[in-house]
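Each structure below appears as structure tokens.
Below are two complexes that have subunit A in common, paired first with subunit B and then with subunit C.
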Partner chain A sequence: MSAMAYIAVSFLVVPLVIIIIINLIQRDFAKKICIYLAGASAAIQMASSAVEFFMLSANRLHEYRFTLLWNMEEDAEHFGVTSLSLVVMFCIGFVSFISALIALRTIDKRKIYYVNLLMTLVLGMNGMVIVTDLFSLYVFLEIVGISSFVLIALFRSETGLEGAFKYLVMSALASIFILTGLSLIFMQTGSLLYSKIGSNILIAEDGTKQTLAYVALIFLISGFAVKTGAVPFHSWLPDAHQSADTAVSILLSGIVIKVAGVYSFIVLTDLFKNVPAINTVLAILGILSIITGALLALRQTHFKRIAAYSSVSQMGYILLGLSTGSTLGLVGVVAHIFNHATFKSALFANAAALHEQTGTLDIDEMGGLQSRMPVTGFSNIAAFLSTAGIPPFAGFWSKLLIIMALWNRGFRVFAGIALFSSILTAAYYLRLQKKVFFGKLPDKYADLKEIGGTVRFAEIILTVVIIAAGVCFPLALLYLKGRGIL
Partner chain B sequence: MEAVIYTCLGLMLIFGVMAVMFHSMTKSAIALAAASAALGAIMYETGAIWSALLEISVCSGLVTVIFISAISLSNMDKKELEKVYEDKKRMSLLPVVLILSGAVLVIAALSAGVSLPHADASAKAAGDLREILWNNRQADIWGQIIVMITGAAAVSVLFRESDWK
Partner chain C sequence: MLSAISSFLNNGANIIWFVIVLPAVLGVAARLSGKRYAARLVISMLSGAVNLLFAMSLYLSEGFYVVIPFASHGLDIALNINGYSAMFLAFTAAGFLLVSLYSVVFLKGESYAGLFMLYLNISLAMINGALLSDNLGIMLFFWEGLLCTLFGMLLINNRQDPKAAVKALVLSGTADLLLMLGIIITVYQAGTPYVSQMQKLPVTGIAGIGFVCMMLGAVGKAGALPFHTWIPEAAGGAPTPFLAAFPGMLEKFLGIYLAVRIATDIYDLQPGSGMSIAVMALGTLTIIVGVAMALIQKDMKRLLAYHAVSQVGYMVLGIGTALPVGIIGGIFHMLNNTAYKSCLFMTAGSIAKQTGTTDLRKIGGLAKHMPVTAACFIISGLAIAGVPPFSGFFSKEIVFDAALESNVVFYAGALLGAFMTAVSFLKMGRAAFAGGLKLPEDANNSQEPGLIRVRESGFGLLLPMCVLAVPSILFGVANTWPLDGLVSPALGYTESFSGWPHSAVLIIISLAVLALAVCDHIYGSRKSGSAINAADHIHYAPVLRSIYTAAEKGWFDPYNWIIRIVGAWSAFCMFIERGVTWFYDVAVPGAAKGAGNLLHRIDNGSLSLYLAAAVAGVGIVVVIFLAV
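== the complex of A and B ==
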């Protein structure tokens, strides 16, 4: 086996090994080390995906195919990594690492359960990005769904169970849509392999078959829109993200909705790139999500709920980028997936810090905390400026690419709406920043101190990444131009 | 064969409606298992033998056991449960709506010329199932392994008795 094969196989093997280790060793010892092992697994994933990405580039390969433990027939379904899937896997590793850092502080009991479910969640997400068949994508999507709703209900609090239940119901609905869509496609093509579906499905001269193919696409888009949390399928998202422990909220908002929803959309748009109707539907879903998410965020008073509605709005930008169907749009989407993972993780890390120190996340009860928690305050400013797309923060570049792609494609009204919606984003985060960090400090917080330990470490890492990614982004664009991608 | 399939489809619909309409959660779980068994029979008749076995063993068996365990753990008072399910009276038209929806689907399928799979071809495929899975569907095998691990982790989180106490 080559080095590339070993690295590729590690994406599934390492999390599995961690699950086996923590469930086999002595329980008290497992409780002490399990979160460190989860963090190590995430760090290995980040390193592996980065190394594999550069090896793929060096060998000028579009895709590296591999099998796990035993070989298969030549034209059979296989695992495969591409540059895109490796970037997504890096994001999965990064957000999982941040979640483990936060969990060290916020999760006191049920650590082993958290790590077991975190590892199955990572396995599910990794599986989704390395499979090459729509049915396997669905199987791994279900793993992500099950792990997520049990993670939300981890502490079995009333709000946690309610949030998990809403997610479960919506997730079941999405599964029905996706399975029905897959069945209809399978009826037409006899295969669900990416390489065998293509746009041939819509070339059929038979009108009924064409209609069924379009019905399948409607089902698939609806199912994936639920997983993305796009408007009007977003009702589960704020409750689930608010009610979960912050270490879990980071995972949900930082990566799960992107892999379960957006990555599925990327696969779908790639398979049906000759169907312009998909792009129009995605553009409409994107615009609705951007505006509705931002307007609803303006009305919230709970820190995590504002961040959750902000995720709905930011998913809208990603869907808009995908709707262009161009390489520039796709680069903008991938960049925004990474940027959203960083600034949303930073916001949730700040939420963890505030909750630990003040005992609340109601922004009406806070004020003047900048003087007491300067690191958290600065991290929050960097995160919200990046979310709003203010230069030179990372979010500026990805939004710029998406808006440029929309403009080039002729979607100028959508480009204008996306541009002006950044003002709405700035408005709800300025309100949050003002209420939490500026103004008069309430007497009850007179003795408050900045959070320490791993949460502060996470805040610092994320702030550095947000600023560094913004400053270095032009280099990434030059690299892509050098490789002929842009 | 088609008569058996349509009969099972009807039974599946009836048991599905019963599962939704029963006031007793235990009866609902049993009706769901019966609907699942009918689905298993349809799969068997259409040649998907292994899928039928999995459907009957996992969905009708294991899932029902999990449901009933969950119900017994909830310890909800019977009167309280009746109160919760009062809303169901408002859904008295639900069976009619479901049956009509089913009829519309059948009519749509028949007019679209959707035919049942040929049992011979699927039975032949079922015979080589292990080979097909092993040689062609590696991702699904790994997926199923991870589903089982996730299911075990989920059950241990949600149904750990000592934590409820």
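== the complex of A and C ==
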């Protein structure tokens, strides 16, 4: 096996090994080191995905196929990594790393459970992006879903259980949709390999439309939309994201909805290219999500709930980018996945900091915290400016690419709506910023201190990444141009 | 020696350093002189003298063309030193030397004297630059620079009440804006910013608009309608040397210089064409409006300021004829006018210095006590009134001649102007200098009121005054040199315009007008009982009375129009702004909040509702699939 193969295999093996290690070693010792191990695993994933990415581009490969342990068929390599999946993998590693940093501070009990589930979650997400058939995708999707329910419910708060239950019910619905869709497609093709599925299955041999295939698409889209949290399938998302521990919320909002939902959509749009119905559905779901998410965020008083509705709104942008079906749109989507991972992680890291220091996340009870928590305040400003798409922050570039792609695709009205919705984004985050960090400091917070330790470290890292990614983004575009992608 | 200097200036960028930068540097030196009066005097004289030397050497040289590459193509600093520009350079230099001397002496002991001299010297630099620029864009730079110094000088001792300065800035700025617009159109039409490369554009179509804009900008700088009203306003508060220097002299040079260039070099203004008639009408209107307002003034400085406006009318009228005789007459009149008008402003300053006021109602009978000032005033007054054989008579006759050749209406208008000029000067001269001594009660802070000894001004003030009175006589009795030796060759005309007017009828009519003015003055002073009120019977004549009242209220003042338009515009913008603010502050957040509340009510945490929403979502997807 070559170096590329070792690295590729490590994406699945490392989380498994970590799980085995922490459950084998002595329990008290495991409690001490388990989160560090998780962080190390995340760091390894970041490094290996970066290395793999550059090896891939150095070898001028579009995709690298490999097998793992078993072979179902002779010479069948059922796993593969592409540049896109490696970027997603890097994001998974990055958000897991931040989650581990926050968890060091926020999670006191059940650390081993957290790490076990985190590793399972990472394994599930990694699996989703490296598989090459729809059924394996579904299996890993279920792994992700189940790890998520337990992570939300892990800390046994009442709201946590409620959120987890809602997520469970909605995910069950999604599973039904997805499984039904898959079985209908299997009826058509007899295989669920990506290579066997394409737009051609939509048309019967006599040239008429293959109704069952379209029904399958409707089910698949609905199921993935539930996982993405797109309006009107979004309702579980704020409850689930708000009620979980912040270290878990970071994972859910920062990466899970994007891998479970958006990556599935990426696969779907890649398989079924140039199907106008899919594009239109994605565009309309995107617009609905952007506007509804923003309007609902404007109304909330809970810090994490605002961030959660903001996720709904931002998923809308990503769906809009996907709806274009163009390379430019896809680049915008991937960039926005990365940017959303950074700024949403930053917001939840700030939420963790605020919750640790003030004991609440109700923004009506806060005020004037900028003077007491300057690092958190600045990190929050950077995150919300990036979300609103203000240059030179990173979010500006990805939104710009998405809007440009929409414009080129001919979705001019959608481009306009997407552009003007940035004002709504700015509005709800300004409200948040104003209520939390500006204004008069309540007396009870007079001797409040800035958070220290790993949470502050995470905030600083994320702020630096948001600004640096924004400033260096043109370099990434030049790189893509050099590789002939754009 | 002069040719050595001119060849020195023709070397590289020397001309920029020594003719444009040097005055500004010496101005800084004058500013730094602080309270040292002698140092300021020496620096100012040095600046004026050196500049005069350079200007004379350039005038006597054969002329040359300097191009100094700058920024980008089309913005080269191209200086064209030819007979015409060098002549104006020499005029400016000579006038500047006298005004500079007068200013330093007049402002002795004033805290702002150094700053004033700085502005004055920078103005000289700007004027030199504008006169020599061949590139219209670069010329505009210098031209606008003059606006800055103008504003600064008006602000200098009126910081608490900057109304006059703001008015000057608005009106001159509007004129300059028009000039800029005109230059843009002209350069676009001509395809080159260099005047020397322009092929006399015909004054039609878009080029006609360019002509009108440029001409309005040029004569506006000289003080013609409709951008004149800041001059009388400034006469109230600005230091007298400013009036002598700017409205009296330097702005006339610059404005008329450009007006003639526009009419002869840049555009092809045809005699008798519509545009020519329009310019002549503007000139005639300026004459009449200016002098009519001058007639009723009771303050020397304001009266002279209105005359400064009125006199421009003759020059514009002359240039507007587009006939050689008219253009020569216009320039000759400008030359005479700057001499006697500056001299008159200086006499007003001299009186203000000694008595503390220029209000004609408070002073009188100064002739005995200030004989030199009185003599200068009388000579200049006779010149401006157009009494032969003083200089103003000859230049006016040439303009009359040209006007008559074009249209008798303009001739009649100009004659009316001449009549009122004579009337107002008889009134002013008699009120200020004749009769028994009358002084303001608090003049000179005398311990014993009524026993004040009014003395003649010092040598430093009298010298420039007397020097400026000389051309009023000399250019009259011996007008061959200025006309045939100076102005005509500079414009390349070979005809002779010197000597007495060839038409005896014109002379007789002019003399009759003067006689009429004397009669009117006698009638007026008999009727009202004093010289100062000698024009009251015109002021309060049935129809004129209401016109004058309206004029004094500022109804005809374009500044007030501009301000009113600006006010209305801001009110309109405010209305729009309110609507926009309402939209932002009330409508949009209200709609967002309302929608948010509605969605929030739907999003109430009920799982069954969530499932229903998801199923509805599937419905939406189905509908879209069916629709597409």
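Following the convention adopted for this analysis, the second predicted complex is superposed on the first by the 472 of 486 C-alpha atoms of A that agree within 3 Å, B and C clash if a C-alpha of one lies under 4 Å from a C-alpha of the other, contacts with A are read in each partner's own complex, and residues count from 1 in each chain.
Just so it is clear, a residue touches a chain if its C-beta (ideal position, glycine included) is under 8 Å from a C-beta of that chain, and two chains touch if they have at least 3 such contacts.
Source: prediction; values computed, not measured.
Asker: Please work out whether A:240 is in contact with subunit B alone, subunit C alone, both, or neither, and reply first, second, both or neither.
Answerer: Touch partners of A:240: none, neither subunit B nor subunit C.
Asker: So, does A:292 touch the first partner subunit B, the second partner subunit C, both, or neither?
Answerer: Touch status of A:292: second partner only.
Asker: When the two structures are overlaid on chain A, which partner does A:436 contact: first (subunit B), second (subunit C), both, or neither?
Answerer: It touches nothing on subunit B or subunit C.
Asker: Can A:140 be said to touch subunit B (first), subunit C (second), both, or neither?
Answerer: A:140: touches subunit B, not subunit C.
Asker: Just subunit B (first), just subunit C (second), both, or neither: which does A:173 touch?
Answerer: Once the two structures are laid over each other on A, A:173 reaches subunit C alone.
Asker: For A:107, select first, second, both or neither according to whether it touches subunit B, subunit C, the two together, or no partner.
Answerer: neither
Asker: One more residue to check, A:427. First (subunit B), second (subunit C), both or neither?
Answerer: Touch partner of A:427: subunit C, not subunit B.
Asker: Per the contact definition in the header, classify A:208: touching subunit B only (first), subunit C only (second), both, or neither.
Answerer: The answer is first: A:208 touches subunit B but not subunit C.
Asker: Where on subunit A do subunit B and subunit C both make contact?
Answerer: The answer is that subunit A has no such residue.
Asker: In their complex, what parts of subunit C are in touch with subunit A?
Answerer: Touch residues, subunit C against subunit A: 589, 592-593, 595-597, 599-600, 603, 605, 607, 609-611, 613-614, 616-618, 620-622, 624-625, 627-628.
Asker: Per the contact definition, I'd like the list of subunit A residues that touch subunit C in the complex.
Answerer: Residue list for subunit A touching subunit C: 165-166, 169-170, 173, 177, 214, 217-219, 221-222, 225-226, 231-233, 235-236, 238-239, 276-277, 280-281, 284, 292, 295-296, 298-299, 424, 427.
Asker: Considering only the defined contacts, which subunit B positions touch subunit A in the complex?
Answerer: Touching subunit A from subunit B are residues 112-114, 134-140, 142-144, 146-147, 149-151, 153-154, 156-158, 163.
Asker: Could you please specify the touching residues of subunit A with respect to subunit B in the complex?
Answerer: Interface residues on subunit A, with respect to subunit B: 12, 16, 19, 67-68, 70, 72-73, 76-79, 110, 113, 116-117, 120, 123-124, 127, 131-133, 135-136, 139-140, 142-143, 146-147, 150, 153-154, 156, 187, 208, 212.
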